[in-house]
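The same chain A turns up in both complexes below, where it pairs with chain B and then with chain C.
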Partner chain A sequence: MLSLDIAKNEVRHLFRERTFFLILSVFILITLASTYIGWSSQHTVESVYQQSVLTLTAAGKNIPPSPFSNLPPLDIVKNMIIYVVLIGSLLAITIGHAIGTKDQKAGVVRILFSKPLTKKDYLMGKLISMSMVLFAITGVSLIISVISVAILSQISSALLLNLIEFYAISYVYMLGFGFLGLSFGLMKKESATALLIPIIIWVLITFALPEMGSALYPTSSLNPVLPQTNILDSPMLSAIHNVLYPFSISEHYKVLSSLTLGLQQTTTTAYVAYPPLISLSILVIWLLATLGVSVRSVSGFDISRGDIYE
Partner chain B sequence: MQTDLLSENMSEKEEMKDITKEASSKEETSSSFVLDIHDLSKMYGVFSAVNNLTLQVKKGEIFGFLGHNGAGKTTTINMLTTLLEPSSGSGTVAGYDIVEEALEVRRKIGYLPENVRFYDSMTAYENLDYFARLSGISKPDSRIWDVLDFLDARTYAHKKISTLSKGMRQRIGIAQAIIHEPEILFLDEPTSGLDPFGVKQLRDVILRLNSEKGITIFMNTHLLQEVTKTCSTIGVLNHGNLIYLDSLSNTMKRFRDEKSLEDIYLNIENSKEE
Partner chain C sequence: MNNMLTIAKKEFQDIFRSRTFSIILVLLLVLTATSILVSTLVFKSQVSQYESSLALLLSMGKTPTEAAPQLYPLNLLRGVVDYIEIIGAIIGILLGYLSIAKEKNTRTMKLLLSKPITKKDIVFGKITGNFLFVSLTIVFVAAMILASFLAIGGISLTAVDYYKILAVVILSIAYIMVFFTLSFFLSIQQKSLSNALMICFTIWLVFVLVLPQIGDTMDPDNQVPGGFFKSMGFDKPQEKAVMAKFSGYENTRDFIEQLSVTKHYERAGFAIFGVKTKYNDMPFPDILADQWFNIVSVFGLLAAGIFADAFIMYRNREAWSV
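Right, the complex of A and B next:
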């Protein structure tokens, strides 16, 4: 019950913060941008194709099939995958950090814990609010995607289900980062350090691990396309891949997202990805691990603490 | 004449050495104590912030806990309010163990930290509503208005905390501390940073809380003038050690030659240093 009071207060507080609306706006913007860019690129190529068809018909030559004839309908939202990896997770860290440090910044920790409030209730409240806020943001993003796809392409119940699955996976992926932001917000006495550590972890997960895991394509994580060249392989690169790939959370997220959206495999690693069920399990383990970090952070949380250092 | 005074002071100092023991051995039943601690200590590594503190506070008292900065007053309050676990020793507040029954203790106490702060973006009412719910009051509306009326702060209810003066914030701080009708109220330097008018208003509030609501008050302070006007008993903490404990009236009698409580305090502190 107390955790619900805390969660309610967190949400109420966040809704009054300019930062929250900025984050929400950014997320809405990237959702719109992702669909528009997807549609626009298809539309442009399709226009060029149609012009080519006219030219080729006039010249009496054979007409090749449309490059988009076999593309899945949800291809236009594929950019959302990389936006979630690059921007969504960072926004989740920011929200988590805000929730984790709020009471310390307000200087009310001692008052809070002079009430019959346990650390467990306190953490539960924070986790619930984090989950609720991110759920709301992801939900808004889903609705925008559904509307955009319906307007620009076509929507069916199967596609709607695919989109829901994609956003559910995105939610789990981002929530892990949100929990990290929250945990370090509770753990660290300096606000800057509390924000910096989860960002370093984000860099590791988003860039370092996939790059080291794929080894041959150091910039490929920015562009989720299959390698077009033959892969140079070596026992050392394979060994690095085998060791690091399970920890490349963003890679597993990309694979699963691509599958749910019905896209071709978009993993950036040059190696064969794990079966979807294992990737999904790794994502769930990721979430549970970050939850574990949260539990650990609150057990060491100093309730006699005054303010957090800015 | 000067020699007489000196010898009298010396005898007072001798007398003081046993005062703590005398006060502790008063024939009181433990049930009349709302606060009862024995050999409470807090160590930070090798540094002893509070050292074997033994203290009892009777129900209905206003207890003034004196000491210079860094004497260990706030550490003591943090232990008594269960915010900090003692390194050793034991204690009960309102009959509950401060370590084993921390949540029960928190249900029975109110706490006003030094330089109290709130959620600035929320109104006074919203802050009180939140803290009341955390205190276990599911429908706090009527209680909030009662407390605000008692503190003469109704007009500030819907103002954002960031717009309130230090004195008003202190009242809202007391409101959150008494909203669940605690048995004992811990005040950590409550008059810190207040102007003389604010100090007087707060003093009146403290006296009314004690007389009208029957709340026992445990107050950390270094403003000796406030102690003479509000407290019934005083304790003096020096480098983590309780060096003096007695009623204010006995103290004034014992040190009748001193001009003010400030002189008495310095006398007590100096005797310990010697």
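Right, the complex of A and C next:
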């Protein structure tokens, strides 16, 4: 019961935070924009293809088939995969950080624990609020995507199910980052360090591991259509890939999301990926591991702690 | 002048002692080295693929049409530019934030002014101290680049290559300082330091990652792995001729990219290092002339940032009341 009271209080406080609304607005706006960007790009590239056909015909050359002729209906939301990796996970870190540091910033940790409150209740309250807020945000994004896909393309029960699956995977992915933000918010005595460490982990997962393991340049990993690479031709790169790929959470997330949206032909990595079930298991392990870090952080949490430093 | 230098020295020492920055610096250096290593392995893989294709063609009695991949050492630095874009901006934001946060947390702003120190000394002292730290960080990165080239072996740099590295070093320092001035400004302007940091990270997210991402994904050539025009067998002039019919779309895409300081930095950095192949054999002064707008944009934003910092420190009374 106490856990629920803490959770309610956390959610209420979060919705009073201006900065939370700022990042939330960016995420919602980009969700709105992503389908339009996808739709607009799709129409333009189709026209570019038609124009290229005219040029080839005039030159009397063979005309290759259009690479855009059989695009799946959910192709227009493919950018959302990248926005979850970029904005969604940072939003989750921000929420986790805000929930983790709130009581310390207000200097009420000692008062709270003077009541019949256990560390377990405290952690449960924080975890519930974190999960609920992120669930609500993911739900809003899902509704926006469904409406925008229905307006700009088509929607059916099968496509709706695909979108729900995609957002469920995204929720698991983002929640892991949320738990990290929460853990370091509880662990660290300085607010900036508590925010910085999960951001560094995010940089490593989003950019460094895909580059080291799959030879993807950091900015190339921001494009849902990945460049052609045949890295497995190099024994050394192949060996590095085999070692690092299991830990490359963002790549597993991208592969799984692409599959659920039906984009496997154009957006998955060009090299050996794991079967979907293994990628999904890795995402679940990621979530459990970050949850474990949260449990550990609260077990070592000093209940006599005073204010947190900025 | 002496007071300003004293503040600059104190600022530099504070950062240098901070564990947070040691961690970020080590991270940047490790990523620099691994990025060069991965690029080298990719290049070697391309060469070996070319050689096996060549052997196959020759065994079939055919003549190869494509030239062998040529190593331009600075091309291997694409990942380094990428990391400075992302992590460099984070360093700038944290430096600006901590520079003000430490004064606000310890309530030393008033104390500073009770001494014979002017506001100008404080503002420019802090900017100078942080500038020196950023410069040192980027010099370390440049040293790591040279050390990585040495370790890989078989890479020789020309005098022009060194000038190019120097040019990107200067540009990188200016780029990171743009984020420093932004964060410095917001940390003074906002009542809550946490809010300032979050706003900075939101701006960072939008301008460093989201806007360049939108621009990139709107590029028709990026819609097919390996490039759409390559899949159609088009060369550059043919590609340009086709895209001329879509000037409105291309201008919008370009405008979105131009909104981001990161894209200006990236375009200039990629041109100088020859990541865009057309710059590989272009004389260095011509590259600089071609990229003048991107270079001026980065330095222009830095100048605007310094001006804004000085302005808010002079005008904002609240900044001095804590």
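In the analysis below, the second predicted complex is superposed on the first by the 269 of 310 C-alpha atoms of A that agree within 3 Å, B and C clash if a C-alpha of one lies under 4 Å from a C-alpha of the other, contacts with A are read in each partner's own complex, and residues count from 1 in each chain.
Here is the rule we go by: a residue touches a chain if its C-beta (ideal position, glycine included) is under 8 Å from a C-beta of that chain, and two chains touch if they have at least 3 such contacts.
These numbers were taken from a predicted model, which means no experiment stands behind them.
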Ask   = So which one touches more of the residues on chain A, chain B or chain C?
value = C
Task = Go through the superposed model and pick first if A:S52 touches only chain B, second if only chain C, both, or neither.
result = second
Request  = Have a look at where A:A192 lands relative to chain B and chain C in the superposition and call it first, second, both or neither.
outcome  = second
Query = What residues on chain A touch chain C, complex-wise?
reply = 18-19, 22-23, 26, 30, 33, 37, 40-41, 44-45, 47-49, 51-52, 55-56, 61, 64, 67-68, 79, 82-83, 86-87, 90, 94, 101, 105, 191-193, 195-196, 199-200, 203, 207-208, 211-212, 215, 217-219, 222-231, 233-234, 236-237, 240, 266, 270, 309-310
Query = Touching chain B in the complex: which residues of chain A?
reply = 2, 5-6, 9, 12-13, 16-17, 106-108, 110-118, 303-304, 306-307
Note = chain A partner, complex, touching residues on chain C are 20, 23-24, 27, 31, 34-35, 38, 41-42, 44-45, 48-49, 78-79, 82-83, 85-87, 90, 94, 97-98, 101, 104-105, 193-195, 197-199, 201-202, 205-206, 209-210, 212-214, 216-218, 220, 222-226, 228-229, 231-234, 238, 241-243, 245-246, 249, 266
Key: In the complex with chain A, residue positions of chain B that touch it   = 78, 81-84, 103-104, 106-107, 109-111, 113, 115-122, 126, 130-131, 133-136, 173, 176-177, 186
